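Below: a set of structures, written as structure tokens.
Two complexes are shown next, each including chain A; its partner changes from chain B in the first to chain C in the second.
This part shows the complex of A and B:
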């Protein structure tokens, strides 16, 4: 009873401090978190492990710290009692799951910055529990349990960091859940954000910790390595996130964005070996390139030549397919697809390959536009297919392409039904100037927003680099060098002096 | 804010409301979690006939709202998240699949036929009407940009108007297009569309398109 009153009073003490200056508020939250960590270490909190009414006394939106710590203890207790990582109480719709869902949908983003580790463990648990439920029920139903986890993880991530500028382990968890749930648009609020940072270690250990609750220009100030909002990230996690992200965009047929994400994976710098994830991404890159641009897209220019060679040897059937597609021979294309059916199937790219065949017609028509200004439907039918295809079949297909804006052209019908319609590639009936200007204006607005985000985050990166150990060491060396330059009779620019000194050191 | 429980009344109210499609989508997205739990009987009750009706109504509404917000790919993904037993035997959800096929293959005449001809539950009628209007507006814009000259009957098929009346050059059918600023040449018997411009900053919603129509001072059908 005493402990409960202590907790209530400690929590109430924090309520009365949110009007205080940020450094004072920062001190009080740190004290509260320390207090709970001590209670956890001394196992004092375990007295509430089975007390269901405890959490009813706290509102997660106001008392996020006590709620989170006690909820974690209750979850651990249930796991110990059941000798199961995901017992019924923790699985979707279980008692503790409902508590966790309530917390993740309403916690105070500022308070939780101080309990990043506990927050992350809860997010991971929710995600993994929904995956476990999915595995258990797969045989009896196709209920999308991962959707429950995905929604909670997404909301929790955006609540903690609305800018989404810092890459965390939760990013990968979310995209994986969305793919499993087939709830692709659920990942978009996070996928569409610009990632600018990894969680970093700020300053030297001896330096004062930053005021986490203050208004920071960029979330990298509080999403630090020390906060443990992310588990350790490996290059593999990073590659997987962008590959899975690309797959989400593919499912939504946003080919341009998918190419961007895959481009990040395949151009990852490597020194010797190439990751299989990168090879897998390259295979998809070839197919998505055909779907978006109708040609084999070269990897981004920053990709190292030896990596490109590895791709070309490991993704040979894909490159052959792309070349056949570019040559515009449907018969050969179908033959190539049939010949390597096992490869597409093993790589789980059958769906994409099928879509490549489907866009063959539209890409062929688009290419014709580079040669002809206009064509009748009858002529077009002869051009696009070696077998005699009726103009009545081609007409609706072309009309559908133009109406979906996949083809920039117009149709001119004539009075006579028997007379073939005309397809005009260079049209006098172009959209009014206003339409282009509106498009341009919208693009400029988007670019401006992106630039603003980048400028803020670049400033923050610059600041953090300035505080890093490496920079301070190099600055120190620089001072030594510039000191020695005072006795250098040759003088000259600083950069050149550094080079001379470096050579001197070597000798 | 706590979400009220998913009930037939709650859902009917939401569907019948005149809320913008994006808001409807947001609200129904939040209810999908509850629907998921109801489908497995994890809401504390065993899934019964009432639940099947509720789930059918929920998933059909959610599907139509996907189309209303022009998210065809995501609508297709939704059909993979619907409990299989429900999807296979529920007539309303079967209608949704037929509609999806028609929209996916851009078979305009088929879309109108599904929306007007198939038996949809009364509670879904407000959404069906809204989607029909949205689809008509969207197609009108697309046709205006895609054709320099179009036969009246072809335009009528795209817009879901009576093709036979169009063949007879019915003045009411012609009026639907001339109201939008299109020119009708009675000699060549062709319509000359005037391209309709929609601001790209506006989301592709029926609301946005209606605004564009209002700006032009016209509206088809």
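This part shows the complex of A and C:
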């Protein structure tokens, strides 16, 4: 049992150094992690693999590192014993699952920064186990296992990096779980944080400006490539993340945010080819643009022109649909939709297309509200669609619009011609004043906060770019050019400096 | 007409009544005619109503080739005057040396009045004139060649000028303009240059090449002639430039140019434009492009233009009515003179557009002081025939309401139609809410854009651009060129 006491003393050593200056703390915690990694490779930890009481001795909030390493070993052991990636112990409500859940909900964010790889593997395991559980037990129970996994993953991510500004592979895992669980709002705390960075190798390897445990202004300085908090990221990962994120917002009918996420996907820099994920996103972009703004939105201005051309040729039916929508003819719109039914269902955009039709009607009615202050329902249906069939349909449709507050208007029964009631649009700015103002104020504040975080991240990006190899290289080159004349000791007349340079380079 | 108010300008009363009489006839046909694309071909315009002018006195205002053009236009467009006008055109053509014009006029007359003695071609005259033109051309070209051999600049210039004049008289405009432009190298005094440029302006005007008129006018302005000459030419220059601006559709500029035409234009430019024309063109362009204050200040109170307006008092009355908020009277006057203007060689193409603008502007100006107006009262002013003719003049399907709908949708009128109470309600803009809305919107747009760009640079920095499938993998792309920090501990 010497190993156990060793471990206890090592972590106790760390506890006592809590108040130490950060570089000392950094040194000790590194030692501790090194110690565990060594134990792991020498299989010394195997002895605790079946000892369930061992984990009870540690509190994950204080002794995050020992807990994490031993839990990993135990999980591996179980996997080996059962020759199954997700045996019952690991699956939701299994013994080890509860341990993992306990850890992910309460670990110490600073300590875990040093064991990013182990943390990531645990998060991935939890996510995959919940997925596996859902496929196995879909018929038996109606508990949403992915939701359990998603909540854990989300909490763990926010615990490690509260600013959420760095993209990791866990992000993709989370949205995927949420989409599977249909628990869209679960992903929102993470989605609403703006991703501004990717894990990269920071600065020069020789000079580490600050230690991991220090209180960093931005998470980009500890979520680095070296920490392995994220697995190796390819362009496909972040494209998928933003596409899925857009789909989450679509499901919640937050069209504006969905549009922003899709805009990110379609405007990403490309070297020569276009990813199909981007094309997929463009198709949704067209439809969501119709839903939010009622017109065909041009792609963001930073999209490269040749990519736009590719979109336009690959998403032909969508663009035609958008043009018909803009022209404002319901009959033609329906015809277009029917004609390309196969395309919509093949792209799995049928739901969005159906919403486009619904929005078309309300858009037209709202537009009429800008021209008319009041008109009869009969006139209205004539304006919306010339075909007489629509006359009976418009009445209920308009009243449902009013009831859902999409349309600020009232319906009045008139005495003289009772067959048609009068629709009176409220004047444009007659909203209830106070609540409206408060609402606006909070929105403004929210946007301002967003802007502040963006400015911080912008500074961070600027700093990173300034430290990047490319920049330093080019700076160095510039210095060589300007400095070589001084370096050359044989430098003679000032008028021939250019010649001197060439000579110096050659020799 | 219940809308005619007892007003200060008494003498206009009689005029008004005649205008009102002609109104019912006048208003139905123009409306049907509006969609016709006039510029497609001028022959399509058919002015059935009798114009107010007398043909002989009208044409006596002009000299030169424009007389024939105007007569021919009236002859082909107005059935009432066609015979008289075409006959006059034939005599006009016969006095000149232009055979093709003569033939054209005779053909037109033959269509209208086949039995008229003038409707058959005078073959002897045609033959004789063409032979004369032929020999004359050869003679002038021969002379010019001689001058060129002698290398005397002034003679060469005059040779070109004679040739140009000859081509101009015989109707070969392309050749005339070529000959005139060749004069340029041989001009020795500023006077020569101005006279050459004026000739080019005339040719371009007749060809309808308004860009060239514009550029020549510009050259004329910059030519260094003596101050007294410059002052003398100024009136012609500004008239020509105004005319070209009107033809290019920039009515506000045209109005300002017409307003700046000095009074001494008089009869000096009768080969293109008469002072009466300046008054009419200027007045209409101003009505179509200026608001009431500007009209009052720049047109009615203008010292020079007032004298032009004296020549065409009805235009002055129309503008005065417009300024005094009496749009019905203004529009009535304009409607009454519509046939006259449709028979004008320069105005014909622009009348539908000008009238439409004036009408739109009067509706717009009418609406300004009101927060709400009944559609009935508006219809009485702007669509009197609709009020008389239909059971429910303010129904959604009536043309007047449709016109209003169009104006609102184009953003001209900032108002909404209340069909229940028959009102046009102007939109009150809540500035506070508007500012809040735009602030929020621009904030959001900025944030989204900034986020996009930060992400963009992050992707580039991390070397994660979207790249071809086979090239994917570590060490390729941007990251590959610059080896990154080794450390995976």
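FYI, the second predicted complex is superposed on the first by the 406 of 507 C-alpha atoms of A that agree within 3 Å, B and C clash if a C-alpha of one lies under 4 Å from a C-alpha of the other, contacts with A are read in each partner's own complex, and residues count from 1 in each chain.
Note that a residue touches a chain if its C-beta (ideal position, glycine included) is under 8 Å from a C-beta of that chain, and two chains touch if they have at least 3 such contacts.
For clarity, every value in this text was computed on a predicted model and none was experimentally measured.
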First (chain B), second (chain C), both or neither touched by A:92: first
Partner chain(s) touched by A:252 [first = chain B, second = chain C, both, neither]: first
Contacts of A:235 with chain B and chain C, given as first, second, both or neither: second
Contacts of A:424 with chain B and chain C, given as first, second, both or neither: both
Which superposed partner A:184 touches (first chain B, second chain C, both, neither): first
Touching partner for A:359 - first (chain B), second (chain C), both, neither: neither
Partner chain in contact with A:438 - chain B first, chain C second, else both or neither: first
Partner, of chain C and chain B, that touches more residues belonging to chain A: C
Touching both chain B and chain C, residues of chain A: 412, 414, 424, 427-429
Chain C residues within the chain A interface of the complex: 396, 405, 408-409, 416-421, 423, 425, 427-430, 433, 436, 439-440, 443-444, 446-462, 464-469, 471-472, 474, 477-478, 482-489
Residue ranges of chain B in contact with chain A within the complex: 32-33, 36-37, 39-40, 42-43, 71, 73-74, 77, 80-81, 83-85, 106, 139, 142-143, 145-151, 154, 188-190, 195, 197, 199-201
Touch list for chain A against partner chain C, complex: 194-205, 225-226, 228, 232-235, 238-239, 256, 260, 263-264, 267-275, 278, 300, 302, 369-376, 379, 382, 412, 414, 422, 424-425, 427-429, 436, 440, 443-444, 447-448, 450-451, 454, 457-458, 461, 464-465, 468-470, 473
Chain A residues within the chain B interface of the complex: 92-93, 137, 141-145, 147-148, 151, 181-185, 251-253, 399-400, 402-405, 410-415, 417, 424, 427-429, 431-432, 434-435, 438-439, 441-442, 445
